[in-house]
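Note that the chains are named A, B, C and D in the order they appear, and that numbering of residues resets to 1 at the start of each chain.
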Amino acid sequence: MKKFINHVDTLLDESLRGFAKAHADLVEVSFSPRFVRRKEVAPGKVALISGGGAGHEPLHTGFVGRGMLDAACPGQVFTSPTPDQMLAAAEAVAGDQGVLFIVKNYAGDVMNFEMAAEMLDCPSRTVLVQDDIALPKEHEIGRRGVAGTTIVEKIVGAAAEEGRSLDDLKTLGDRVAENTASIGVALSGCHVPALGGPTFELPPDKIEFGVGIHGEHGREIAEFASATEIVKRMVEAINEELQPKRGDKVLLHVNGLGATTLMELYLVYELAHEFWHQEGVEIARSLVGNYTTALDMAGCSVTLTRLDDEMIRLWDAPVHTAALRWGYDHTGPNS
Amino acid sequence: MKKFINHVDTLLDESLRGFAKAHADLVEVSFSPRFVRRKEVAPGKVALISGGGAGHEPLHTGFVGRGMLDAACPGQVFTSPTPDQMLAAAEAVAGDQGVLFIVKNYAGDVMNFEMAAEMLDCPSRTVLVQDDIALPKEHEIGRRGVAGTTIVEKIVGAAAEEGRSLDDLKTLGDRVAENTASIGVALSGCHVPALGGPTFELPPDKIEFGVGIHGEHGREIAEFASATEIVKRMVEAINEELQPKRGDKVLLHVNGLGATTLMELYLVYELAHEFWHQEGVEIARSLVGNYTTALDMAGCSVTLTRLDDEMIRLWDAPVHTAALRWGYDHTGPNS
Amino acid sequence: MPAIPELIQAALAAIDAHAEEVTELDKTLGDGDHVTNLQRGLKALLAQSDELAALDDWSQALQKMAMTLMSQIGGASGSLYATLFMTLAKQLKGKEMNLANFAEALEAGVEAMKQRGRSDVGEKTMLDTLVPVAAYLKRAAGEGKDLNQVLEEVKAVATEGMESTRDMLATKGRASYLGERARGIVDAGARTGQLMICAVADRLAEEMTR
Amino acid sequence: MPAIPELIQAALAAIDAHAEEVTELDKTLGDGDHVTNLQRGLKALLAQSDELAALDDWSQALQKMAMTLMSQIGGASGSLYATLFMTLAKQLKGKEMNLANFAEALEAGVEAMKQRGRSDVGEKTMLDTLVPVAAYLKRAAGEGKDLNQVLEEVKAVATEGMESTRDMLATKGRASYLGERARGIVDAGARTGQLMICAVADRLAEEMTR
């Protein structure tokens, strides 16, 4: 496994140091414990804090900044962060209004954020993202949180910026999360630095359908097929789950898992768009690109969010982070 | 080779259709012949048109929009576009002020753009980007154009937006191009759809040093080594070429070739930043991410541009395209 | 009794010796990081050897270890082991370290883990190793068993618990995503729990024969 | 004389039959797209068979073909072949199609290609096939050689030209990036030029024996 790396143990910090310098206009990075915080926190707002194992970049560190997260706590690659990180981040960015944690639903993340919440000495609530429909809704520990996290963080981030209350944001976050469904497909495994290789290998004619974002196996190994056929399976699964109606407005997010080209992602977007267009569903907003990656996995996920007018307004609200930007004036690249 | 694809022959158009829909607020796409144009062209400005083989996305289509390109002409994967594309694009976006073509220096691109320029019935000039220092400066056909193209397109794009004259822009573009140097390293080959596989394969302990962006072999096959050692070779080569002096301001661009994670790119950025920082060179601006890719190649390039005050001002000027954004107000994501 | 650092060393050695095997388990059922997570935690404990050895109060030492584990391991196992050690520390506060007190503390510890993980035995996790071990120690302490015998028998209990995960369906943790695909493979956390328990038991037994 | 579509068909068949070999050449020395580029161009010409067959003026047909090649091939070879065909069309305008006129037009055509590519023989490109062929045809026409003999000999000339690229260093096109690494391998464009010339010559010869 060839990567640009000096040592597995120093990878995360060296990378964060580069991130801090490349985006010194937007963020500050603390190393012990590790968290990325936005440079200027608007006073009197609820602090939005997320985090999770590294390896999904730009999620979450790339979403720290105006209109989105106040802080992100990166764990080691694919390993949940530890409670002391969340506590330190909260201390740095939270005020009287308390903290809203946005957590992807994985045992490790849930437990570590929970410990942090218990130790925190300000009010906090947690929005659990569990958009991955690869697992049945009744799954014992709930579904996994995957690419829908970006949508939740963007919309709730905009609302937090407006000074909304903790309870309000929790309700909103849950609403976005509940209206969001994702499904992922892997064409290859990913190469985990600490393992020196892929978590799984796929024969040339197989794909992992319903794959997670940590190099876990998918729901099932399926036959490789044309893009049209693969995407059909993906969108039908989502459609069955969310059941958007004719005239409903939705956000369509096609997310690359790492090694899949933008050309392919836009092609997948086209096919998914066509499907819902035929169904009479209005694709009101869209996002195509690598936002929630699984290191260098080849593959993609499709996410659909049913939008209401408030969600659209908040999606459109200005955001200026390393990885997601629109609507802000006079914000030089890194001036 | 597994990709999200229906057929090699339809890949480009299906992908462009998705691109058109995902960015309907910014661009319009024409299919016969193929070009992407910005939706609203400011009147009275010089039209900035670029293009090249597909497979390098977001370059160039992702750079069409306010403050950057007026149009981009994508060829088939790794194949230069044809003159009729440039002519149609010019017809769509050019006015009295003429056209500035920004062309990466490859025989095919140069000849096809040249034919277009000859057939065009308005004034035109061409800025040739040849930033790849893998080849010696005296190379018979000049050096290749690689990731430095983004820098040229951004800075010249901002100047065009200000209404500068064709000759002015040509002079500026040449100045940026001359002050820009890049070097790329591949850790793996890339999988070309039409070939059904990689253009070259690398043994586990080898890298291509000085690789191009079309899956061509690099200047030489080198030993795989630590990130520190690889980056040292890269930055020393650039440093020798550009010879920035103590106190000089530069823009540092670390570009992913496709399958390399952001984590690694930021780590490479950190190492390169540290090198020039030690040299007393001021990294005044930076750009880290996948901008000029070679399909799904694992690898990255480092680009340095020596900046003057005008170039800094133009770099900071507002831009709103699919792939590069800052500084514009009230620009919803795709509203 | 051996100093704490020696026990940590023994646990780490056992994990190191089986790193590949366990990584393979967590790659198949999870995300492959379990060994690295534990190694990072145990190494961090070792780095504090001097401070830990200096504390002759078990409760304080366990609390310090809990904090280190909490901030160093991450993942599911990090929060679970941190919870375990925090509870052990709390339970043993002001108490003498002996089998009975330890067994009682451990029982409380695994209860806390169940709460933290919203899980119980039979779900193919480390609890399938730890819960029977806690129950056995409680019983052994009640019966006043010889410590040497306990140290021998506890290994069999841990191993049996670990082995029991092989044919289970997983309902907690990442392995639960796999459904039937998880059957036939031992849970990584159950295996490392067993490895560490056996290593520590051996180290303690060795000490007692000196 | 066979209709234009038949000649195109023959050229395409030759490319198809050697697709793998040539792709390997362009993968080693270039970017591997040369065969696909030519196939796309030739197929586009074939798609216009009816229109081309309807034109019995060679100049018009060549001009139409030039435009199609220009807009369909792309890459270095697209602009070069488009330039060649445009020049052929211009040169043959109002002229009868015979060996002498064709040879003269071809000479002008390869000159235009040299200009377009800023290149000449000896740089390891398709010109190493085309330039000697043009020179040979000029000579043959001057000598009033028998057309059958010309069609036989031109294949040898094309093949020799193509073969000459094997030991050259490349100074134009992508292969020039490779320096010494380019030696020992035939240039893809030189090879396809030779393949198409041979195929067309064979097809013409076949027609003449009918």
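The rule is simple: a residue touches a chain if its C-beta (ideal position, glycine included) is under 8 Å from a C-beta of that chain, and two chains touch if they have at least 3 such contacts.
What you are looking at is a predicted structure, and each value in this text was computed from that prediction instead of being measured.
K.L.:
What pair of chains is linked by the most C-beta contacts?
P.N.:
Most contacting pair of chains: A-B.
K.L.:
Just give me the whole-number Å value for how far the CA centre of chain A lies from that of chain D.
P.N.:
54
K.L.:
Measuring from the mean C-alpha position of chain B to the mean C-alpha position of chain D, what distance in angstrom results?
P.N.:
A distance of 33 Å separates the two centres.
K.L.:
Give, as an integer number of Å, the spacing between the C-alpha centres of chain B and chain A.
P.N.:
Here chain A and chain B have centroids separated by 28 Å.
K.L.:
Could you put a whole-Å number on the gap between the CA centroids of chain C and chain D?
P.N.:
For chain C versus chain D, the centre distance works out to 75 Å.
K.L.:
Using the touch rule from the top of the page, what residues of chain C touch 2 or more other chains?
P.N.:
none
K.L.:
List, in ascending order, every residue of chain A touching at least 2 other chains.
P.N.:
Residues 77 of chain A each touch two or more of the other chains.
K.L.:
What kind of graph do the touching chains make: line, ring, star, complete, other?
P.N.:
Shape = line; chains linked end to end, path left open.
K.L.:
Applying that definition of touch, give me each pair of chains that meets it.
P.N.:
A-B, A-C, B-D
K.L.:
Could you please specify the touching residues of chain C with respect to chain A in the complex?
P.N.:
The touching residues are 23, 27, 30-33, 36-37, 40, 70-80, 82-83, 116-118, 171-174, 176-178, 181.
K.L.:
Note which residues of chain B are touching chain A in the complex, please.
P.N.:
1-6, 11-12, 14-19, 21-22, 54-55, 57-58, 62, 77, 187-188, 202, 204, 207, 224, 226-228, 230-231, 258-271, 273, 283, 285-288, 290, 293, 295-296, 298, 300, 315-316, 320, 325-335
K.L.:
Please name which positions on chain B make contact with chain D in the complex.
P.N.:
Interface residues on chain B, with respect to chain D: 8, 33, 53, 75-85, 106-108, 111-112, 114-115, 134-135, 139-141, 144, 192, 194-195, 199-200, 212, 214-217, 219.
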